[in-house]
Amino acid sequence: MTYMGLFDSERPLDLIAIGRVALDFNPLEMNCTLAESSTFKKYIGGSPANIVVGLSRLGKKAGFIGRVAADSFGDYAVDYFNNEGIDTSHLFRAENGEKMGLTFTEIKSPTESSILMYREGVADLALSPQDVDEEYICSAKAILISGTALCKSPSREAAIKALKLAKKNGVTVIFDIDFRDYIWKSLDEISVYYQTVAEQSDIVIGSREEFDLTGRIIGLDKEDDIIVARFWHDKGNKLVIIKHGKEGSVAYSADGARYLVKPFPVKLLKSFGGGDGYASALFYGLLEGWPLDRALEFGSAEAAMLVAAHSCSAAMPGVQTVTDFVESEKAKFGEMVFKLDD
Amino acid sequence: MTYMGLFDSERPLDLIAIGRVALDFNPLEMNCTLAESSTFKKYIGGSPANIVVGLSRLGKKAGFIGRVAADSFGDYAVDYFNNEGIDTSHLFRAENGEKMGLTFTEIKSPTESSILMYREGVADLALSPQDVDEEYICSAKAILISGTALCKSPSREAAIKALKLAKKNGVTVIFDIDFRDYIWKSLDEISVYYQTVAEQSDIVIGSREEFDLTGRIIGLDKEDDIIVARFWHDKGNKLVIIKHGKEGSVAYSADGARYLVKPFPVKLLKSFGGGDGYASALFYGLLEGWPLDRALEFGSAEAAMLVAAHSCSAAMPGVQTVTDFVESEKAKFGEMVFKLDD
Amino acid sequence: MTYMGLFDSERPLDLIAIGRVALDFNPLEMNCTLAESSTFKKYIGGSPANIVVGLSRLGKKAGFIGRVAADSFGDYAVDYFNNEGIDTSHLFRAENGEKMGLTFTEIKSPTESSILMYREGVADLALSPQDVDEEYICSAKAILISGTALCKSPSREAAIKALKLAKKNGVTVIFDIDFRDYIWKSLDEISVYYQTVAEQSDIVIGSREEFDLTGRIIGLDKEDDIIVARFWHDKGNKLVIIKHGKEGSVAYSADGARYLVKPFPVKLLKSFGGGDGYASALFYGLLEGWPLDRALEFGSAEAAMLVAAHSCSAAMPGVQTVTDFVESEKAKFGEMVFKLDD
Amino acid sequence: MTYMGLFDSERPLDLIAIGRVALDFNPLEMNCTLAESSTFKKYIGGSPANIVVGLSRLGKKAGFIGRVAADSFGDYAVDYFNNEGIDTSHLFRAENGEKMGLTFTEIKSPTESSILMYREGVADLALSPQDVDEEYICSAKAILISGTALCKSPSREAAIKALKLAKKNGVTVIFDIDFRDYIWKSLDEISVYYQTVAEQSDIVIGSREEFDLTGRIIGLDKEDDIIVARFWHDKGNKLVIIKHGKEGSVAYSADGARYLVKPFPVKLLKSFGGGDGYASALFYGLLEGWPLDRALEFGSAEAAMLVAAHSCSAAMPGVQTVTDFVESEKAKFGEMVFKLDD
C-alpha cells in the first residue's frame, strides 16, 4: 500500500512530468564570473526534466508531456531521455521555430551561483492543450506539474487541462511550485495560477517564498506555516512540504503528522540542483509505499548528493548509491528527520 | 430571506459586474446589409454593462469593475453609468491607448442579425488584477463574471482574482458564460477557463452550446442537460440555467426543483439583447427574495421586451413596466413557467 | 504637353494611389462633444481614397493599391469605388481578420474639430509587397504614395516597392506626406521613411510641419522654406508644395517659379478635408497639361468647397462645378494665386 | 592618397561598424553533430564585430554603434572590445531584457558546417535611431553597415539614419550585405531595405546570392554580374565586390578596372569566418591607400587564415602575420589576383 492511498498500482507509468526540458551550460572554469568563463559543458536541465531523469535512475518508469525544439538541441533532449529509459511518446517538437531554453550558470563560489537564462520564444512554453490527451494521463499513477509551465499561454492551459483530466480520472497530482522569475507579468498573475493548481493538487511542494507567492492575493503570505499547510490540506492536499533553505523543510501530512527534515551537512559545489534531487527520491519512496519519514530521508540524501555535483541531471544517482549515502552520513551525523509534536 | 441564502443582506451593493463595457452602433436603416446602412445610433453595450443598467433601472444598486477608454467614448460610458446611478468608483481608464470595443449591428430581418465587432486592443480586456480590490468585492451581495472577461490576459487574471476574493469572503458568484467567438485561441483554452470559474461559482447561466464549450475537455459536451446540471451542482452551484433559444430555458435548482421557462410570444425587432434582459430581471427577483419560479417569469418577461427594442441598454425597463407586461401577456397567452417532475 | 513632362500620356490609368481606405463616421449633431453625439453618418475616408474619388469625379481614371477588410465594411469600400468608376483590380482583402480603420469626428465648432481613430489591426496596413506588381504600376501615368502607408510593416515595404518599380519604369511619383500621429514609434522613424520616399519622388506635398518631420534627422527642420524646397529639388523633385494652413501654400517649381496660393474665403463647416480636395484638383490640372498656376487655382477652389461640406469623399465635385466656383469666387474676391519674385 | 578619394584622412576613427555583436559557441569536439558535442568555447562573433576586431588587430582605429545585453555576456562583449582597443563609447546596453545573440556551430567536417542561432529578443536589434549621433558618425573615415542590422525595427531605422548622416557629411559608406536567414519576413522586404542602402553606399560587398536578394524586385537577379555591378556603380558606388564562394570573387571598380581574386588553397577547419577576414584586410589596405589589387590580395590572405582557425574573432591576425602569409603562399602557389580585360 502507498502513502495515504495516493497511487493506483494498476497504472503502468509511475509519473508523468509536465513542463520544461532545457539545456544547462555549466562552466568548466569555476569561481569566476560568467563573463570570464570561456568553456561550458552542456547538460539536460529544467526542474521537471531533472526529476524524471532522477526517478528513472531510481528504477521508476517516467514519462513527459512537453515540447522541445525542432533542431539539434531538441534532438539531444529526445536522445537523452530515450537513453535514460524515459517515455518520449508525448515529447513533441515545437512548430514555429521555438528554441530550447538555455541556462548559463555562473559559479562564483560554492554559495554564490547565479544564472543567465535564455527564455524568449522557448519550446517548452509552446506546449499546447492539444498535446495533452486523456488516455496518456490515465496511464500514470501521478502527474507532476511544474509551476513554470503556468507562466505563459499556451503551456499554461496545457498544464491546467492535464490537471482537470487527472482529477477526473483519479490520477494523483503533484504540484512543484518551482518559481522562476521569468516571463510572469505580475505578482497577482502568479498567485492566480499557482492557486488554481494548488487548490486541486494532492501534493504540493515549494519554498516558503513560493507558498507566499501562491497565497498572496488571499492574504496567506501573512500566515504561519502551519496555517498555510492546513489551508492547502482543506483544499484536498494530502501532503504539503514547505522548504526553508539551509534550515531544512517541514512535511505536513493531512493526517496530522509533521516532520522536520534537516539537510545532510555535505560540501557544496553549487547552490542549486538539490530540490530536484529531493523531489526525485521523495517521490520514489512514496511510490515504493515507504512511510513518509523514510521517503523524506531518502529525498534529503539525494538533495545533498546533487549540490555536490557539477550537473543537475547527469549526476542523478541509483537506489544503491543513495542508500549507501544515507547509511554512511547517518553514521557520521545522526538522524536528519524528526517527528514534530502537535 | 433570499433564494437558498445566496445573498448577504448586510452588504450595501446588490451586484458588481466584471467585464466589458462597449459601444453598440445600431443602424437606423434596417432590413438591409451593413454595407448599405449609412446612419448609426450609438448605445452602451456589452453584456455585463447591459445587465447593470437593467438592474439599476429595476432599483438595485449596482457597481462595475472594468476599464474604459481614455477618450471621448470612454467619457460617454462613465457619464452614462453615472446617469443611471451605477457606482463607477472602480470603472478605470485604459492606460495604453486601448479603445472601447465597438459592435456594429446588421439587422437584415427580425430573425437575421449579425454583428461586426471591433475588439483589437480594447479597453475592457486591459482590466488588470491590480484593479480588483478585496474591500470593494466585499461590499457586494454578488459579483457577476462575464465569460468574455476570461478570453485574454490580464482581464482573465483580474476576473479569477475577483472569484478567489469573493469565495474567500462569502460573496455570491454568478457566472454568465456569455461566449463571443473573438480573441479565444482554441476550444481547449475556452474550456479550461470556463471550468475554472464554473467550478467555484454559485449560479451559472448559459446556452447549451456554452455549457458544451465549458465541459468539453472532460467530455461533458456529450451528456444530457440533467447530467450537466448535476455536475455543476456537485461542484457547489445552487442554480444552473441552460438556455435553448426559442425553445426556452430550464432552471435546475440544487434542491432538486426544475423549471421550464418558455419565451413570451412577442414580435422580434432583432434577435439579440434578450439574454441581458433575462439576467437583469431574474437576478432582481432573486435579490428580492422571490421564489425561483416568480423570478424566472420576471426574467422571461424582460427578455421579451428587449428583443422588441432598438437597443440592449437604453431600452431596459423599470419594475412596474415589467410587472404590467407580465400581467397583460399572461392574460393573453397563459403561464410561461412550468415545474418539471423528477 | 504636361507640366515639365511629368506624365506619359501613353499609359491608360491617370493615377494609382497607394495607402489607406478607411471609414469616416461624421456626427449628425454638430457643435457638441463626441460623447454627446449620438447619430453618425458613414462615409468613405482616408486621404488617398478621398483623392482618387476626387480625381474620378473630375473625369480621371484612377486605381488603387490597398487592402480592405474581408467583412461588410470592406464590401462597402469596394462597392463604393466601383460605383465611382475607380479601378479595384488591386484592392485586396485582408486575410487575418484586419478591420477597416475608423475615424469618428468631433465637430465642436467650425474651427474646432478633433478625431477619434480606430487604427489597431487595420486592413490598410496589411498591404503586402506581394500585392504590388510591376505591370500594374506601369499602367499608370503617376502613383501617389501616402505617408501613412509608411508607418508600419508590411504596408511600409509595399509602398517602397511601388516607389522602386515606378522609378525603374519612369512612372511619376507623387509623395503626399499626410502625417497622422498614430502607430509611428519615434520621430526618427518618421524622418527615415519620409526621406526614403521624398529623395526619389517627383512631386512632394505637405504642410511645413510635415516637411519638418521629413527633414529632421538631417537638420532641415531648422531651415527656411526656400532652402527646404531647393533641397528636395536637388534630390530630383520637379514640384514642392509647402502648406501653411490659413496662410495658404507656396508651390516651388524646379524651374525656379514660385507661386503663393491663398485660400478662397469660404464659410467653414469643418476644419479638414480641404487638403484632399486641393490634391485632387491640382493633380487633375497637371494631368490636363495646364500651366502650374491654373492647376493651383483649381486645387485651391476644390479645397474651399470641401471644408464647407459634411464629408471628405461624397462631396467631391465635378469639373464644371469647380470651374463655376472659381469664376464666381474670383468675381467676388479677386485672384488667389500670385507669382513670387526670386 | 586613398583609393578613389574614399577616405577623409582628417577624421580620427578609421571605421565605425553598425550592427550585431554576438557570441559564438564553437564545439571542442568536432566532426560530430551539435547534439553530440558536449563542450563549447565562447568567442565574440557577429560579422561587423569580427571586422572591427580584425581591423583593430591590423592597427586601425575602429568604433562600434550597437547594443549589447545588460548582463554578464554583455559585460564580456564590452570588455573584449576594450581589450582590443576598439572604441566602445557608442556600444550601449539593451534596456528591455534583450540578450546577446548566440551562435552554436556544428562542425561535422571541414566543409559541412551549420549553425544554430538564438536570435529572439536579441540586444543588437534593439539598437535605436536615438543611439546614432551625427557627431560620432562625422568622426570616422567610413561606416560599415551590416545588412543584418536592417532585418528588424528599430535597428533598421538606426542603420538608415546612420546612412543619411554619413551621406550628409561625406563619410564613406560600406555596405556588407551579410545575409542571415533569420527574422526577415519576406524576400520583398529584404530587397526593399538592401536596395535602400546599396543605392547610397560607396562600397558594396556580398555574394552573388546576396546581390540577387538585393536586386530582386527590380529584376537584377536575372542579370549578369557585370550588369549588376554597373547598376550599382550608376547609383554612386565606387567599388562593387561580388563573391562566388570557392571560385573566388570579382572586384568591379567604378573606374572600369576589374579584378578576379582567387582563394589561397589552404586547409579548411570550418567553412565560415573567411568573409570577415577578407573584409578586415581589404578595408585595411584601402585605408592605407594601397592600390586596389594589393588590398584585395591582402584580404584574400586573411580570409584563408580565418577558415583555418577555430574562431572568427580571436584568430584575427596582425599585419606582419598576414604579410608573411601572402609571401609564403605566393611563393608556393603564385599570384591570386588577376586584372580582367574589358
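Letters A, B, C and D mark the chains in the order given here, with residues in each chain numbered from 1 onward.
Following the convention adopted for this analysis, a residue touches a chain if its C-beta (ideal position, glycine included) is under 8 Å from a C-beta of that chain, and two chains touch if they have at least 3 such contacts.
Since this is a predicted model, take the numbers as computed values, not measurements.
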* **Partner chains that subunit A and subunit B have in common** => none
* **Intersection of the contact lists for subunit C and subunit D** => none
* Going by C-alpha centroids, which chain is farthest from subunit A? Tell me that one. => C
* Structure fact -> Taking each chain's centre as the mean of its CA atoms, subunit B sits from subunit D at a distance in Å of 62
* Calculate how many whole Å lie between the centre of subunit A and the centre of subunit D, each centre taken as the average of the chain's C-alpha atoms. => 46
* For subunit B, residues contacting two or more additional chains -> none
* To do: Could you classify the connectivity of these chains, where an edge means two chains touch, as line, ring, star, complete or other?
  => ring
* **Those chain pairs that satisfy the touch definition** => A-B, A-D, B-C, C-D
* **subunit A contact footprint on subunit B (complex, rising order)** => 128-130, 153-154, 157, 160-161, 164-165, 168, 185-186, 188-189, 191-193, 195-196, 217-218
* Asked: In their shared complex, at which residues does subunit B touch subunit C?
  -> 25, 28, 33-42, 71-73, 75-76, 79, 99, 102, 104, 106, 116, 118, 120-121
